[in-house]
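Paired with chain B in one complex and with chain C in the other, chain A is shared by the two complexes that follow.
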Partner chain A sequence: MKKSYYLGVDVGSVSTNIVLVDDNRELVYRDYLRTMGQPIRVIQEGIRALRSRMGDIDIKGAGATGSGRNLAGIIIGADIVKNEITAHAVAALHINPEVKTILEIGGQDSKIIILRDGIVSDFAMNTVCAAGTGSFLDRQASRLGIPIEEFGALALKSTAEVRIAGRCAVFAESDMIHKQQLGHKTEDIILGLCSALVRNYLNNLGKGKEILEPVIFQGGVAANCGIVKAFEKELGLEVNVPPHHDVMGAIGAALLSADAAERKGYTSFTGLDIVECEFSVRPLDCKGCANLCEVIEIMKNGEAVACWGDRCGRWSNRMTKLA
Partner chain B sequence: MKPRVGIPRALLYYNYYPMWKEFFERLGAEIVLSELTNKKILDDGVNCSVDDACLPIKLFHGHVIDLKDRVDFLFIPRLISVQRSEYICPKFCGLPDMVVSLVNDLPTVIDVTVNMRNNNSSLRKAVLDAGRYITGDVVRIYSAYKSSLQKLHEFQRKMEEGLTPLEAMHGGKPSSFKEGIKIGLIGHPYNIYDNYASMDIIRKIRGRGIGIITQDMIRESEIDRIAKTFPKAMFWSFGKKIMAASEYLIDEKKVEGIIYMVAFGCGLDALVGDLVERRVRKKGVPFCLITIDEHTGEAGIDTRVEAFLDMLEWRNASKCW
Partner chain C sequence: MLVTFPHMGSAYVTLKALLEDLGVDVLVPPPCTKRTLELGTKYAPELACLPLKINIGNYIESLEKGADTIVMAGGCGPCRFGYYAEVQREILKDLGYRFEMVVLERPQGNVRDFIDRISLLTGGKSIFRVISAIKRATGVSIEMDNLERLGWEVRPREIKKGSASSLMKSFHSEVHGVKGTREINSLIRDYRRRMEQVETADEDILKIGIVGEIYTVIEPFVSIGIAEKLGDLGVEVDKSITLSYWIVNHLIKEALHMHDKREIEEAAKPYLKNFVGGHGQESIANTVIYKKKCYDGVIQLLPFTCMPEIVAQSILPRVSHDHDIPAMTLVLDEMTGEAGYLTRLEAFVDLIKRKKEMARDHEKKLLSRG
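So, the complex of A and B:
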């Protein structure tokens, strides 16, 4: 019998992740790509890579998540489009049904998810401020001329941590420059930064929440062992980083799509040949009222397939009727 | 020609409009409303107000700009207190002054003062003062006031049946969410009912088949009963209502969770928000704080609301989607 698979796509601000799980809900394929501000192209490239690696496989369901989930959902024909929080929770529960706390730090947002008895009981997301997220770490790493992959390991070499203000990325940066000009060692400053980010995270998101074991740390930043160590020190708990921590959102989307497609009895997945399709967007600056909505239309091979951005539904409802 | 009285569709419009309308129409005036909040109103308001004002105050200025050239009078009452021993936000006390000093070329502003902190006599004077802008006939003013009070009560009854203010004003029918999940949506009325500022949160929640109960859909007597049990009297009328409402909804098991919508920069919400959150969490009920501001990106609000509703459905059915 030909094996069947479920596709999960997580389009985030920094990375776009594509995974496949099989009938047994096991991960069989994963890809971590940089979004580079071009979600449509990256999704297509990702699917092309998937096709060349896996061949023409039978995909029975597709799910999308991440901040670009609606766009991704249209392109792949997702059976389910879910927010990141639910997707991350589903994926973590799949790995460890006992999980009670999920720490997640991505490119531009961070979340904490509290679970009890296998269901989400509380969550928090950072507000507009992106201090302490991956893109900030990225920036500091490149400023110090250290590849981001080595950032965490370098922090672990430190013997004397210096205190960095973590409340705000701008203040953190000036604090770091100050410490560096005083002559402190780079690894001590980096460890200080890791601790500052963890402190900031726990003060903002962890405020008033009961953080219990097992704790799972996922998202791109979980690759940074300096941050992991800082979390363990601050919480006094063991923090587990799952092997596929950086694509957990996509795994969650794939798992959700399996249920959704099963319930529906079919999949809306458009097929792997979407890599041949030509997607484009057409901005329609609506002048219908004083809202001047920035409406955009998503075109597939020159045909409008989706439209959003309008407040009144004048454009998007028209699309629903067509569908 | 009838004198035209302009009422900005902002701030206390959502609490008192049917009353104000009845009052001025009875006196022979014509009511002119500003457009519902839109991008232009937001931009105008943000550009003209002081930068540390909160979003709702900025929106109010935008509504004034939208209206001012179409009317003979602008109704901007100075509301200091609407209930004995209580206050409303201090920005309301200075509202007419703020508008007059920031917006040019205004028509006559009806800026009567209502301060019921000590007694009700200031209300009587305010009614008389407001009416005199339109007519000298005191008897007519009082009778207009009497029938306007009746309209206000009818309006409040309709909201207690589960209608939002806009639905109550436009003769909507009570929603049919008899079963299924309900959530409490609380916050200042001008935040939660202004569809533009709130990013249409009510429609988004109801669109998922989930019902909402707001603080205005709860009987005043229940609010007062619960407010009396607070360890210390809450002297902000809105804060009192918001706190008592969240307590009532949980204790009476009316809702599965609470969403509290606050405006960035609101001093009252900063305090009351935390008080409510602590009390709600202590009782083990899911709570979500949504902050609104000038930004137009809906994604942040959508993700939080969606995840919160997912969580409630998950808890309720112990299943995934």
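So, the complex of A and C:
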């Protein structure tokens, strides 16, 4: 019997992740791409790479998540478009049905998800403070000339942690520069930075939340062993990093699509030949009122397939009528 | 004299009706848009809270259109709102605008003073005429709130999606064409009938109560239209604070020493025994009350740096835990990107939906065992 697969696409601000799970809900394919501000092209490239690796396989369901989920959903013809909090929770529960806390740190945002008895009971999400996210670490690594991949390992070499302010990325940076000019070792400063980020995360998102074991840490930043250590120290709990921690959102979307497609009895997936389709966007500067909404129309092979960005619904409602 | 005032959701309907009944020429400010926000953030102190900035944007847009008198509410207590009118007056004066500002605050033991301020606007109409106009306008605010509430009930249940929203939109465009409490009331009733006729499916839907700072709760421009967004996600909402609630309880009953705060104080008592300014105590109390009314969740809204609501925010997780009702806080500022808020709203709705399903499954199991 020909095997069937479910596709999950997570379009985030920094990375776009594409995964396939099979009938047994096992991960069989994963790809981590940089979004580079061009989600449509990256999705198409990702699908092209998938097709060349896997051949023309039978995809029975497709799901989209991440901040670009609506766009991704239109392009792949998703059976389900889900927010990243639910997607991350579904993926973590798949690995460990007992999980009680999920820590997630991505490029532009961070989340904490509290689960009890296998369902999400509370969550918090930070999108306003840069000090608690991956892009801040990225920036500091490049300032110090250290590849981000080696950042964590270097922190573990430290024997004397330096205290860095964690409340604000600007405060942290000036604190770091000050300590570096005093002559502190780079690894000590880096360890201090890891602790500062963890402190910021817990103060910002963890306030008033009961963090219990098992704890799963996912998202791109989970690759940083310095941060993992800092979490363990601060929480006094064991922190587990799953093997595919960086594509958990996409795994969640794929798992959700399997359920959605099964319920529907068919898939809306447009097929792997979407790589041949011509996608373009048409910006419409609406002058209907002083809001001057930046409306975007998504075109597939010259035909409008979606439209959004308007506050009043003048343009987007027209699309729903067409559909 | 051409009188204007700041926007706060549908409050303009009531204010327009009141002033028109008193024979005052009214200029309703243009609806809040990005331009309003830009004007406000440009001229207001950077650290001020968002409502003050939007107000300033409203005034400038109205003054540009020829208004010469501004009516603003005042207040006292540990919240910056009490200084709004003074600060706003000075900012506009510095910008070179010529206008009068009439500050209406809760009559503090002196009802006469309140009436006097109103007569500044009405040119010495008899006190009885003023009081009866206030009475009628209070009626408009109640009718208006009922219409909006009906919209929140209909939206998640409507069969043809968008019916409730398009009715409300057409109401807001038609109301500009009618004058005074009588005409406005009859228009509201007309729309109420039309709203009642929207075809709905009798679904088992989720209910979320909205608590928090009054301006962000009432003004959809700053709360990214949260009631409508939740409605489209299939959730019925209720707002714990409405304009009519504020008028009836804070303006009228408190002035007459009839405001009964016992229910609020009682509900908040285990967590917050004192008035902390604004509606901080109410946010805590209403979360408890929503649970009693079998709501599935509570969302707290506040403008960035709002002191009373920050106090409530830090207590909310405890209330949520004790009473087993999910609660989420959204802090609003000048961001116009909605993606982050939508993600949180969707995830919150997912959360309460799953929680409800689990509770139902559990109940079924118990019943089948029995």
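Simple rule for what comes next: the second predicted complex is superposed on the first by the 322 of 323 C-alpha atoms of A that agree within 3 Å, B and C clash if a C-alpha of one lies under 4 Å from a C-alpha of the other, contacts with A are read in each partner's own complex, and residues count from 1 in each chain.
We adopt the following convention: a contact is a pair of C-beta atoms (placed from the backbone, for glycine too) under 8 Å apart; a residue touches a chain by one contact, two chains touch by 3 or more.
As the structure is a prediction and not an experimental result, all values here were calculated from the model.
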Quiz item: Here chain A is shared; do chain B and chain C fit on it together or clash?
Solution: clash
Practice problem: Identify the partner contact of A:Ala290: answer first if only chain B is touched, second if only chain C is, both if each is, neither if none is. | Solution: both
Quiz item: With the two structures laid over each other on chain A, which partner does A:Leu33 touch: chain B (first), chain C (second), both, or neither?
Solution: neither
Exercise. For A:Leu256, select first, second, both or neither according to whether it touches chain B, chain C, the two together, or no partner.
Key: first
Quiz item: Just chain B (first), just chain C (second), both, or neither: which does A:Ile80 touch?
Solution: first
Practice problem: Have a look at where A:Ala153 lands relative to chain B and chain C in the superposition and call it first, second, both or neither. | Solution: neither
Quiz item: Which chain A residues come up in both lists, the one for chain B and the one for chain C?
Solution: 67, 82-86, 119-123, 125, 127-128, 208, 289-292, 311
Quiz prompt | Complex interface listing, chain C residues touching chain A | solution = 30-31, 33-36, 161-162, 165, 169, 225, 314, 316-318, 320, 326, 331, 335, 339-340, 342-344, 346-348, 350-351, 354-355, 358
Quiz item: Can you list the chain A residues touching chain C in their complex?
Solution: 67, 82-86, 109, 117, 119-123, 125, 127-128, 207-209, 289-292, 311-313, 317, 320
Quiz prompt | Complex contacts: residues of chain A adjacent to chain B | solution = 67, 80, 82-86, 90, 119-123, 125, 127-128, 208, 256, 259-260, 289-293, 311
Quiz item: Given the complex with chain A, which residues does chain B contribute to the contact?
Solution: 35, 38-41, 196, 200, 277-278, 281, 286-287, 291, 295, 299-300, 302-304, 306-308, 310-311, 314-315, 318, 320-321
